[in-house]
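Here come two complexes built around subunit A, the first alongside subunit B, the second alongside subunit C.
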Partner chain A sequence: MDLVESYRQDLALARTPVTRALLAALLVALAMFPWVAAEHFVFLATLVALYSIGVMGQNILIGYTGQISFGQAGFLAIGAFAFGHLRIWGAPFLVALVAAGGVAALAGVVVGFPSLRLKGPYLAIATLGFGVAVYQIFVNWEVLSGGRSGLAITKLSPMFGLSGRRYEYYLYVLLLVGFTLATYNLISSYVGRAFAAIRDSDIAAEVNGVNLTRYKLLAFAISSFYTGVHGALYAQVLGHIEPQIFNIAEAITLFVAVIIGGVASVEGSILGAAFVLLVPKVFADFREMVPIVYGVTILIVLIFEPLGLYGRWLKARLYFQLWPFR
Partner chain B sequence: MERLLQYALTGLSAGSLYALVALGIVLIYRSTRVLNFAHGDIATLATFVSFSLLTQHYPFVLALGASLLVGAGVGIGFYFGVLVPAQRRGANLLGMVILTLGLALILQGVVVYVWGAEPVSLPFPISDTKTYKVGAVIVSQLAIATIAAGVVGSALLYLLVQRTRLGLAMRATSENVMAAQTLGIPTRVVLGVSWGVASGLGVVAGVFLAPVLLLDPFFMLDPFLKGFAAAVLGGLNSLPGAVLGGLLLGVAESLAGAYLTIQFKNTLAFLIIIVVLLLRPEGLLGREFRERV
Partner chain C sequence: MTVHGGVKATPPSPPGHLLEVRDLSLSFGGITALQDVALVIAEGETLAVIGPNGSGKTSLFNCITGLYRPTAGAIRFRGRSLIGRSPDHVTRLGIARTFQNLRLFHNMTVLDNLMVGRHLHFKKNFLGALLRLRSEEIRHRRRCEEIIEFLDLEAIRKARVADCPYGVQKRVELGRALATEPKLLLLDEPVSGLTQEEKEEFAYWIHEIRGRFSITVLLVEHDLRLASRLAHRMVALDHGVKIAEGAPPEVRQHPDVLKAYLGE
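Then we have the complex of A and B:
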């Protein structure tokens, strides 16, 4: 059994040599993947990587801070279109990416203001309203959305002699690793504990000296930054965006990913993103079954396994750690 | 002036249906504190049942009855089959709200699977082209029927809640579940009935909305969001508030569509929600709520 002896040890990303070895193996596997798998699967993995970033952002808001938002599609659209316009004006990829996240974060602060007054279901509806409003603005305002034909985004020019798909894969997985590390650091810092305190009881958090206004707005800003980046990366992969992509169904999908993957867990976000992307692929011949699978999984997860896929994984790991005994 | 009256009347007929949707949402929210995200989808499923029966030339009353049965059945079944077990395992409020979202997804899938995603039109016995002239305004037969459905639905709910023993039990349960249980009220049955009645109200709204809109698996999404807006406007724990909110929203929307811009007609509902929530979070007729720590 591992014994935590100091605070520094508790914060460490990998405590035991076994974990370190497994992490290294995972990284090697991720690096090897595009050379052994078919191009189609590499593309799918790229999608999972970019969705994971969005789901992680959504999880910071829902899982860690306890603020339900159904307006994620709005932030996605804002990020994607900001990115699209910047790219068309000739901004380099990374600059446009950060700027897209920044614009979405600003929008997040604006949406965050009602959250100072609203709780639970009320906030869910207000943010749903934001999502619908953004959708309608983009549909009706052709200057922003490029009208019926949408915006075309120039492809990335691959470096290091890689093929386009492989280059995209490496870039996105690298970004995902960066965001994952950032999220780990965030949630084990003072800010992360303030978020969790707000989730568990905002009045008690305020009494204990957490500035509610600042941290609720910060949660919205960070979460929408992630979502904006997700939107931008998605736009880059698709190469062409129109407002119809970012409808309510997209927001619901992200929400489902958080719940099924596991609330308040970083690994769960990645599992959840993989789930919502792989299920439609597995059921490709029965498209109408996809919402049923989502729905049934939500019911099963909430009744039997409230920690989601990540909770399942924890239990499996515990079983093997304790193995001959149960 | 005549134009104003005409638009107000159109708004009232839509508003009476929003009121029915809002009543269902409020009824469930008041008794279980759960916002039912599957409200619209239950109504969609039930309306498609009506569609199947009406296309096979069954009488309208029979189709409406079957729809009500299906809607109420899904509501009651969901309460006893999913919510009660979840509560026994200690699911919190947020969990239960997410469960209704799960039900919504399942129902959407079922409707698409059975009836397809193509929009169809409901063969409705009451036409919207036959009109009457009342004073200066023109009323279609459908508008009259819609308003009548709204009035009858609200009145029946009023009688049920205020004049029957079951209604008394419902009010007691929504006031304080523990106390009601102690007094010997079978609260689970009462809450189950609340879910059934609420779903039934949504179904009536769905069946009367179907001839105005085209019937497709997502046709209730918009009215459902409007019902939410109406419920928030009137106060989420007040039944008369839901009716008032629905009618106000219907008229406001119709007038905004006529005099301002038609493109952002749907955004108006959300603007109203956000303004109401910021200025008077308990709604027009709702009681102020205080939180205990």
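Then we have the complex of A and C:
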């Protein structure tokens, strides 16, 4: 019997013992993973972790606030290059990471301004323009991009006697856990409700006291912070960045991850990130097929499962909750 | 008001006048939606605005709540001008509204819809939100539960609004407006599309809102019988012009009102 006895209990993150046990099991599995899996898979999991942060940020903007942006590649590049320069100047990893997110967030506020006037496809086009512009700036401005040779970023020196890959894995998974918790907390707070209100009806949100300007720009700032951090973490893993990495395809990939993973879902963001990273690996021998796989999957998802992979998970969970009575 | 023009600091409206609309005009290009409309609402009264479709009732609401900027005229609420204020600012001053064609947050639960109504009363603490500090949340949840109880929404507080029937959605929108704790509540056709039974319930709630929450109500309604029962006074609009004002029976019998509704 599932009885909620107080409002505080109702607001708890993991309310039932079953949820708590499953979460603990998940954390243990994550901690064990680098000791049982091959190094290649550990690296892949690290990539999924950092990608998930970016997809979550994108999902806050698209899924929760309903503002479609195709400019994410721009924020990725800004985050990555801010991080790269700061690291080269000798800033510690965490400082450079937060600063990279902050710079991207500032850019996000600037890009957010058109959202006060533009909606839906028009906003998508405006942000797409931003992505292309940032790409061109980095390609053509060698002071920023480090020219033809790009920026080389020093590797992290592993601590606690871990190997480089394992250290990176733990660090990134820890960051992902932090960002996931922050996202859960944020979307269930007054901020998240204001975002969702804007998505569902901006006029009603306004009439109920939500300041549209403030919350739309806040959504852009938060989302860009996540994306900037994603860019920075990606730069750290690659060890070497050049502007060509952050082209429009990257923005599309993030968008695909949101749709396939599940719009307005934190878990879906992680599933979506895993999807867009693992599909190219599975189809490694037919690389040119990857965009087709994305396209077909999006069609299938939109027609049969608008909630994405997360919707599938919800249905599976419902099935087991009701089992064996159905 | 005895002082007109030339005086910089307009004296506050006499006590009792909650809202004062003066010479309000609104036009979109060549179309005149409102022309020199004037009305006052006293604190605690219920005023009904009637008129055929397209007579400017909703435009009047949109002007008051800041969604439209009137072409000319003044709107004063508790002595403050509302012209040029953003809708969220108007709501903070104490005016809430519902919409004729429901504008709910369809993918949110009933409870969350009401909680959005509490938004302006939240002590905003972004860091606290990130760290899941929830004492504010609980404080406002209590207020929402009072409204849930008042409007009989207990059974569906966690249901998605889009899944609720129309009559319930109307109630949720009323609840959301109440959650902002307004001084003045603007109801745009609150009982349109409801069954007779639901209409009676709604009439009871609108009546209770006045007594229990001491909220002044401005009502747009097509159901004249219900409007006459609820309202102390009535104003009739036609083609954006005020054609009658007074006690409900008088206004309903007014020759211009009959003409507007029934033709020559």
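Everything that follows uses one rule, which is that the second predicted complex is superposed on the first by the 320 of 326 C-alpha atoms of A that agree within 3 Å, B and C clash if a C-alpha of one lies under 4 Å from a C-alpha of the other, contacts with A are read in each partner's own complex, and residues count from 1 in each chain.
Keep in mind that, in the parts below, contacts are C-beta pairs under 8 Å (C-beta built on N, C-alpha and C of every residue); 3 or more make two chains touch, one makes a residue touch a chain.
Keep in mind that this is a model prediction, so the values were computed, not measured.
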Subunit B versus subunit C as contact partner of A:203, first or second or both or neither: both
Touch count on subunit A, higher of subunit B and subunit C: B
Partner chain in contact with A:49 - subunit B first, subunit C second, else both or neither: neither
First (subunit B), second (subunit C), both or neither touched by A:97: neither
Which of subunit B and subunit C A:277 touches, first, second, both or neither: neither
Subunit B versus subunit C as contact partner of A:191, first or second or both or neither: second
Contacts of A:13 with subunit B and subunit C, given as first, second, both or neither: second
Overlapping contact positions on subunit A, where the subunit C interface meets the subunit B interface: 201, 203-204
Parts of subunit B lying in touch with subunit A, wherever the complex brings them together: 35, 82, 85-86, 89, 91, 93-95, 97-99, 101-110, 112-113, 117, 221, 225, 228-229, 232, 263-264, 266-267, 269-271, 273-274, 277-278, 281, 291, 293
Touch list for subunit C against partner subunit A, complex: 65, 67, 86-88, 91-92, 96-97, 99, 103-108, 112, 115-117, 119-120, 122, 124, 126, 128-132, 134, 136-138, 141-142, 176-177, 180
For the subunit A and subunit B complex, residues of the former touching the latter: 66, 68, 114, 117-118, 120-122, 124-126, 128-130, 132-133, 136, 140, 201, 203-204, 248, 252, 255-256, 259, 288-299, 302-304, 306
Subunit A - residues contacting subunit C, complex: 7-8, 10-11, 13, 181-182, 185-186, 188-194, 196-197, 199-201, 203-212, 264
